[in-house]
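Here's the structure, in structure tokens; my notes come after.
Going by the order they are written in, the chains are A, B and C; count residues from 1 in each one.
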């Protein structure tokens, strides 16, 4: 790990001022991604700004019913927060499916959003990677790409976004509050991460020096069932090969509203509007789920080692929808 | 204690004050030193182990402010003013912690290298009522600690046994 | 043998050290004035190092030296002889020339005052390479078969014509991906030169071997080298023989006149610290209609690096696991541009048994026979390779007991027939086996005036429980309680002991310790019968040592510590040695067992897990049933990794290792652990040694992967012959 300067900040303004617009400066909170990548020589910041002392550690319900999460709330606190468990069970499930107890104790909500890909070529400073080093090429394209994305890929990059938490947020819907040298602004969660396109190095919409301060979840869907299904090689402590987060509300056996997001298969947290359309006003039945799964994966592009992710993701979708529907039916039953 | 502002230039050594196993300790480190290496190299508290250096194995698990974390992914300078417990601080007054006792009784280790991390995770989860007490929940919560020797069966038994001891100990006091 | 301590459940005597952080692993050693070494790995796998930009790195904070081909001192290669115990993992010395043979090969080593400084400088060091085309990818990425190794072949009868004539036969190719040991403690060395002596702390499974190898390489008298390894964060074979990092570290310490410690990063450890080589194995089995084996052929290829010809002998189980008059094995070795492989837990046999036990399952299906019944019909009552009877074989009991506990009789053999909700159960089984070996060994025991007994042997405890079984032996033979027995291991200056490998340490060490105990007692008797001693004038042979005291036939009894104190002696000691003897010509020694595995397959989401393992293993006497059972349970956990997860991924284009970390190389996590029921038969094998113990480290791993593969077939109808059995293979139509 190379050397870097280190500064603490006590409030957002101080943090932003200390950071400036210098792209060699990085904010650090949990550090679980940043220090990992600094040790690998993949990230080489000259200075870190520690934001752990910023007053961004609270979870609160706003007057309009939305839930506002401070940037430095840890994954553990968020997963176990009573409001999250009661009103956003999908988020709790997704968080607990990610990483390990220790990492969840460290990782923060904003940090999880800023998580980097696990592409081994990105993580190897001597490999060709357009995301790490624009124009250097993509060793994954014709290399070992078992873990790589099939949705949202470009001819520049096929790296998977690894987060579980973000899948739940993509389904639930959320707004990010950003604060930077040019002031404060908001952006929809699903607009925050970018597809690689021909600029894979631009992973998100943050401007230089901007900091995510809050994540505000949309109000939950009335009476929706929730299910997060993560499929992976081993049973825990591993990134997804394919995951599906489903929210479904049912009226008289017909799907009233459905949200579906996918992880492990896409270059960003993947909200599938195609699947949602296929579900809308259809009977809550396996045949419907299968149609939704087809729709979700119709544009998938496989590479040499990851073609299995397409049928695997379909299976994850069908099962997650089935379980979410069960959950909705259970929730609607009189207690 | 309110932590003081920390500021360090690259290559500059700074002072970090922390409480390790209840004792105030002072470190002189550059900002790129992680807590794991600081505990081992500076304080010679070598019970905490390095197995991967990337948060992928759990051997370096310590408690910071009562929470189990991977000390390989936390900068020492980020711990200013914080309370840290390592395996050396588990036993009290010469008496093994119930988790240590249970690991001994259940042979919950082989080579012993992941063991401090396993025990720190176990001790934390037994104090955390958000984690259910059933075996499946414990196994999931302990999955951030790899044991390549594969002593998971005995580790699980030890954790659940320690739980009984700690529960009855609490009842005894009340 | 009626025993008080041996064979009884005994908590580890080193347990508290491990539980409190006091155990001194190599990485835990800090000495005054110590520097930190950090190797710089090549980032190509095939080519030449053209230039290193040293100057900027030397100017970095704390950097003391950078060693490389241009300035590394001239050393000698170790002859690397197993017979002379100077075997090394890689005969090529570090920085010997500028050729690069594998990704991760060291091209330099930075030495700096602090660890962070060494690491930062190593990352900053710019290297320029000439990359040659045609890096040879792994064995399983190529059709090449390498060169034949006649020495690894074996033949009895006429398997070819028997195969031709047989009514039922199978012919399949099995493959196992290269695996990583992933021992928790990375390779580590602390080297210090004091005057003209070299003292090395190393995380090693063989202090004696490293001691001799260091002496050869530095051209020193053996008595001037000491290797210490008190606690080892396991090894599983990759710490048996020394690797180049230790040589580079010792050389740097000599050049700089200061101690140097090098701890490999996990990435370096995986790239250049050993692996289980890939294997490709063709199995041809033939049987008559009753399932009696008529012919067995096992043709194998394994890979090795270009710098060291490591051979993983995978074919041998086919020659001795079952009775069959016609059998042949052959072996090819292919050099590839990967890091050098080395033994990994149950080396060779675990791979060979995988192929053989899958093939047996396929043969059973071809015969429409229960796979367990097929094994029973081919039971070997003697070692077919040696024509000698097995010393103590109870595999039939293992089959019976494990099958009963598993509920095998309830198995519906039809594929996919056992459903539970979304899941399909699959039940499979396999035989497990490992040879029982023993080496010559020496030990020393002291009876001390303070009432303690000290036993010393230059072997080491890698987590199998060697400290404890040695203490048990002393306690058993002296009657002195365990808390007054001190065991010293892990120092090459102690009487020469065995490698901690091949499941040989217990069977090798304990007889030598026992001999040393007896020698010490004999010495005590001499002292006791001296003038002015409690038993003056008595015949030493008429004295008995029991419960920590000498007694004569008249009932006079003097505790050994009182006796020594009375004679103003601090201690008496005895040296013991033991070696295998004539029993090796009378019997063949091998352990056997059986694993029964249940998998659960959820076809709707392509999810597979191992849910239950029931095993019966016969290892002779389990000296410590607690630690022995732990070995088998742990091996089952590792076997699940071998079966389902583990694979070193090398990019076939350039032979570079892609998943060089604990996240991308998947090992079994706690949540993957199945319900495990292990039974250790207790049939002491007194023909093997006086304690009847055959060793337990390897056997548990053999047979797990094939039992899983066979269970998967039963659940899914998919016969997957390539390990690991990952999700995409299960999803293939």
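Please note the rule applied: contacts are C-beta pairs under 8 Å (C-beta built on N, C-alpha and C of every residue); 3 or more make two chains touch, one makes a residue touch a chain.
Bear in mind the structure is a predicted one, so any value in this text is a computation, not a measurement.
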| item | value |
| --- | --- |
| Closest chain to global C-alpha mean, per-chain Cα centroids | C |
| Remotest chain, chain C as reference, centres from CA atoms | A |
| Averaged-CA centre spacing for the pair chain C and chain B, given as whole angstrom | 29 |
| CA centroid of chain A to CA centroid of chain C, Å | 42 |
| Residues of chain C whose C-beta touches two or more other chains | 61, 116, 120, 663, 668-671 |
| Residues of chain B engaged with two or more neighbouring chains | 11, 30, 32, 53-54, 139-140, 142-143, 145-146 |
| Interface hub residues of chain A, defined as touching at least two other chains | 1-3, 235-237 |
| Chain A contact footprint on chain B (complex, rising order) | 3, 5-12, 14, 30-32, 34, 53-55, 58, 61, 67-70, 72-75, 77-78, 80, 121, 124-125, 130-131, 139-146 |
| Interface residues, chain C side, partner chain A - complex | 43, 61, 116, 119-120, 123-124, 604-607, 609, 644-645, 649, 651, 653, 656, 658-659, 663-664, 666, 668-672, 726-728, 731 |
| Interfacial residue positions of chain A with respect to chain B in the complex | 1-8, 10, 28, 30-32, 35-36, 38-40, 46-48, 50, 52-53, 76, 80, 96, 99-103, 105-106, 235-237 |
| Residue ranges of chain C touching chain B (in the complex, touch as defined) | 11-12, 14-25, 27-28, 30, 61, 114-116, 120, 181-186, 231-234, 236, 263, 265-266, 462-465, 626-627, 630-631, 633-638, 661-663, 667-671, 673, 676 |
| List of chain A residues in touch with chain C within their complex | 1-3, 41, 118, 120-121, 124, 126-127, 139, 142-144, 146-147, 229, 231, 233-239, 241, 305, 307-308, 311-312, 315-316, 318-319 |
